[in-house]
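Residue numbering begins at 1 within each chain, and the chains themselves are lettered A, B, C and D in the order written.
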Amino acid sequence: MITFLFFLPFLLGFVVIGVYGERKIAAFIQNRLGPMEVGPKGILQTIADLLKMLQKEDILPKAADGKLFLAAPLVIFAAVFAGYAVLPLTEGVAGAGVAAGLFFLLAIVSLDVLGILMAGWGSNNKFALFGAMRSVAQIISYEVPLGLSILGVVMISQTLDLQEMTINQGILTAQPIYLFGIKSLGLEVGHIGGFLSWNVVQSPILIVSFVIFFIAGLAEANRTPFDLPESESELIGGYHTEYSGFRWGLFMLAEYGMMLLISFLGAILFFGGWNTPLPNIGTLALADWTTGLWWGGFWLIGKAMVLIFVMMWVRWTYPRLRVDQLMDLSWKYLTPIAVIVLFICGVWRLWMI
Amino acid sequence: MRSVEALDDMSTYARNIGQAIKTLSEGLKLTFKYLLQARKSREPIGVEDPNYFKKEEGTVTLQYPYEAIPVPDTGRYRLHNEIDDCIVCDKCAKVCPVDCIDIEPIKSAEEIGKTSDGTPKRLYAAKFDIDMAKCCFCGLCTTVCPTECLTMTKVYDFSEYDVRDHNYVFAEMTPLEILTKQKAYEEHQAKKEAEKAKTSSVSKPVTRPEAKVTETTAPSEATPVKPKFRPKPMTKKPTVSDEQQKTGEGAEKPVKAEETESTSPAKPKPKFRPKPTIKQASTSDEKKESNEIPKPKPVFKPKPMIKRKPKDE
Amino acid sequence: MIDFATYGMYLAAMLFCLGLAIMIVKRNMIFVLIGVELILNAANLNMVIFSRNDPNLGGQIFTIFSIVIAAAEVTVALAIALNVYKYYKTSDLDEVNELKH
Amino acid sequence: MTPIDVAFFFFLIVTGLAGIGILLTRNVIHAAMLLVIVLLGVAGLYVLFRAEFAAVVQVLIYAGGIVVLIAFGVMLTNRPENGKLMTGNHLVLPALLVSSGLFYYLVQGIQLLDPIATQQVAKLPEDQVEYIGAAFMTDYIVAFELIAFILLVVLVGAAYLAKHHSRL
């Protein structure tokens, strides 16, 4: 409940800032200035856009399947937002304490495929339908490497509960943490904490896992270079071609919500969640000082924002993939590598730790 | 054999992955470089500046309305007509390849004034419109202008909300003035006719040219086709343009010229830039010619003149 | 204390009968598939209800097995439906009555 | 009524209504979407019957996977008539007779059960996920491996069936 009360306003605020940040980053990468007119340095641009969007008419195309068309944005947003229910926000503050939290997250997020399908079909528009079909094929395909890469983390940390997983990556853990996860080195870093106890450092093979996770996450969130469901140049906007006003805004909200969710999840699974990156060095107990209720939230959101920045950076760097390249990447490259990494993770868990 | 192929496939597979990682990271590095360069920004320096082409990094956009690259002094953008210097010769309208200049002259009985370079004015400009929406900025009109009253100015930003606002009106006569001028000329003609009728027995060489003149008044200087072609409201006032204000004020000369009957729109007198009076002699010569030529062949009157003039220059 | 289990079993019975009715009534292949899913769900619901009384969670485990099998079954059924449609150009089961190839 | 009771009856009613909706609708896509509601409702009931793991599996595989497959199947195997996918009904009376008769006997059967026995809740394992995982690898290893094998066969078989063939 706490996370619900926190995440809904946070998500709305994030979308406002995120859109502004995205436009600014895009502009800077392209040697432009970006929005500059509304407010100092254009800070209020997104709010102005939002106000404009809310005033727009909610158009229902005549040939559309009314029920599906109207329900689709809500389904998508609800599916994405439900994923936030299990995220641990900070020390002692977590959403629903489901034992299978991570599993639940994957399951509930996969529901937004249905919303997309409803939107595409309900619009009764070939572009929308194409976009929806592409999007569904893409999301289902990338769920495989995503799940496999997460499974590696689950194997290493031996739990599906995200809060427990986070605790095991910091100084609050009860388990011994060895440097690079190699027991034979004999270096116990559990009390040092900081970045040394993060999952990517605990078992360095997870870096590969993280890359796969990140790529698959981009595809799940329909972000460039995997934004071919809504590719403006060919499909006019894909499954949200026919939407306007607030419902279109819900699509945007869901997209940014998905981005944020993937970023949070990446931070929690691989980069220690709300744990501080600063280690205890002798008497300089940085990790102890920077661990706490408020620090936790700060670190988690900070890490998520860094990942969001990387997503935007990637978006303005790479061109969009073609459909066959997209499928090749998922099935021929990411999935086999994810399987191999999963196997190595199992071996690592058995013999090293 | 097959195993070799499989090995080959595997090596291409691995090479693909390696290449992907390499190229992707290179792309990210490149864009990150640009992201960092965004701290620098281009300054609004003009093309004369020696550093103009040296600025290669940082944001290239300027916040236009607030900062702008200075226009070179030789910039030729919006047309401006100094109506007080205009002798309404119609050359510009004839030479214009896109027909963006629309002139409607009214003849006057006598010389109505002089331009700043001394050329006598014999025509009132009832209408002198330049449609900048059509203008192709070729500059031909400015080269043919005998009194150099038509120039291209440095003003380059003249966007409007309505395309009709691109029609710049330079003539400054009120409809009433136009009517009175027309009437005055008709009366003058009528008087002449009357005189002619009185002295009908007088030798022909005298009457001939005058009869010609009466005929030519109606299709005065080949313009009558145009007003039909483009019926623009003549009283249209373009929004805020300094040119317009100038021309609006410049009602001085016509007023002087028409002391006899004008209703004198007593407006504040503007100060005129002294016009270069370089080609005074040649233009006045041509002016005389133009007055003489109508006698043999009035309909095509200005044509030979236009052709000749560029050659003169 | 409301008797959850009995209500749940009523619902399971209802889903089962609905699934059966859908399978009989509808002519579309996909509809029949949906009916099958409903029947499977009814069975799963019953298993989960009774698994509450089983400390070994046998019901739950078999529910999971059954769900996975259902996924496999739907996949194959859809592949067949796709082929039938390709051959007969219809998804109406009543029109698919020739065994000839 | 505790909040749990409210949730229980909410799921119960929503599931039942959506199920009836599937029977009544003639639009295949609507039926697929109503099926999602049924499946989510059943998943909610699983949670209330303390089977969280089964609920998550239900959402992941059924709602996220099977229904999408079905929707894809609908789009690939049906020709829309004036924009809607409609399908006819037949044998309405026999179907109603059979199913309502069956329902009657099932309800009779359920009423025969000892209500107290069904309410007794056994002490379930603390960490169900861990317990189920261990059970898969010990007691149910044969079934588990069989499932894995079946999935593989199905994967290959479905891909083969759906491939473009001039003849099967």
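The definition used in the following text is that contacts are C-beta pairs under 8 Å (C-beta built on N, C-alpha and C of every residue); 3 or more make two chains touch, one makes a residue touch a chain.
Since we're looking at a predicted model, the values are computed, not measured.
A.B. asks: Roughly how far is chain B from chain C, centre to centre by C-alpha average, rounded to an integer in Å?
C.D. replies: Those two chain centres are 81 Å apart.
A.B. asks: Between chain A and chain B, what is the separation of their C-alpha centroids in Å?
C.D. replies: Spacing between the chain centres: roughly 60 Å.
A.B. asks: Indicate the whole-number Å distance between the mean C-alpha point of chain A and the mean C-alpha point of chain C.
C.D. replies: 34
A.B. asks: Would you give the residues of chain B that are in contact with at least 2 other chains, written as numbers and ranges?
C.D. replies: Residue numbers touching two or more other chains: none in chain B.
A.B. asks: Can you list the residues of chain D that touch 2 or more other chains?
C.D. replies: 53, 57, 65, 72, 128
A.B. asks: What positions in chain C touch 2 or more of the other chains?
C.D. replies: none
A.B. asks: Once you draw an edge for every pair of touching chains, what topology comes out, line, ring, star, complete or other?
C.D. replies: The chain contacts form an open line.
A.B. asks: Throw together a list of every chain pair that touches.
C.D. replies: By the stated definition, chains touch in these pairs: A-B, A-D, C-D.
A.B. asks: What part of chain A is in contact with chain D in the complex they form?
C.D. replies: 63, 65, 67-68, 98-100, 103-104, 106-108, 110-111, 113-114, 117-118, 121, 124, 129, 133, 136, 140, 160
A.B. asks: Show which residues of chain C lie in contact with chain D when the two form their complex.
C.D. replies: Touching chain D from chain C are residues 1-11, 13-18, 20-22, 24-31, 33-34, 37-38, 41, 44-45, 48-57, 59-61, 63-65, 67-72, 74-76, 78-85, 91-92, 94, 101.
A.B. asks: Using the touch definition from the top, list the residues of chain D that touch chain A in their complex.
C.D. replies: Chain D residues touching chain A: 27, 29-30, 33, 36, 52-53, 56-57, 59-60, 63-65, 67-68, 71-72, 75, 83-84, 127-129.
A.B. asks: In the complex, go through chain D and note every residue touching chain C.
C.D. replies: 5, 8-9, 12, 15-16, 19-20, 22-23, 28, 31-32, 35, 38-39, 42, 45-46, 48-51, 53-54, 57-58, 61-62, 65-66, 69-70, 72-74, 76-78, 87-92, 94-96, 98-100, 102-103, 106-107, 110, 113, 115, 117-125, 128, 131-132, 135-136, 139-140, 143, 147, 150-151, 154-155, 157-159, 161-162, 167-168
A.B. asks: Help me check something: in the complex, which residues belonging to chain B touch chain A?
C.D. replies: 13, 16-17, 24, 27-28, 30-32, 34-35, 37-38, 41, 58-61, 63
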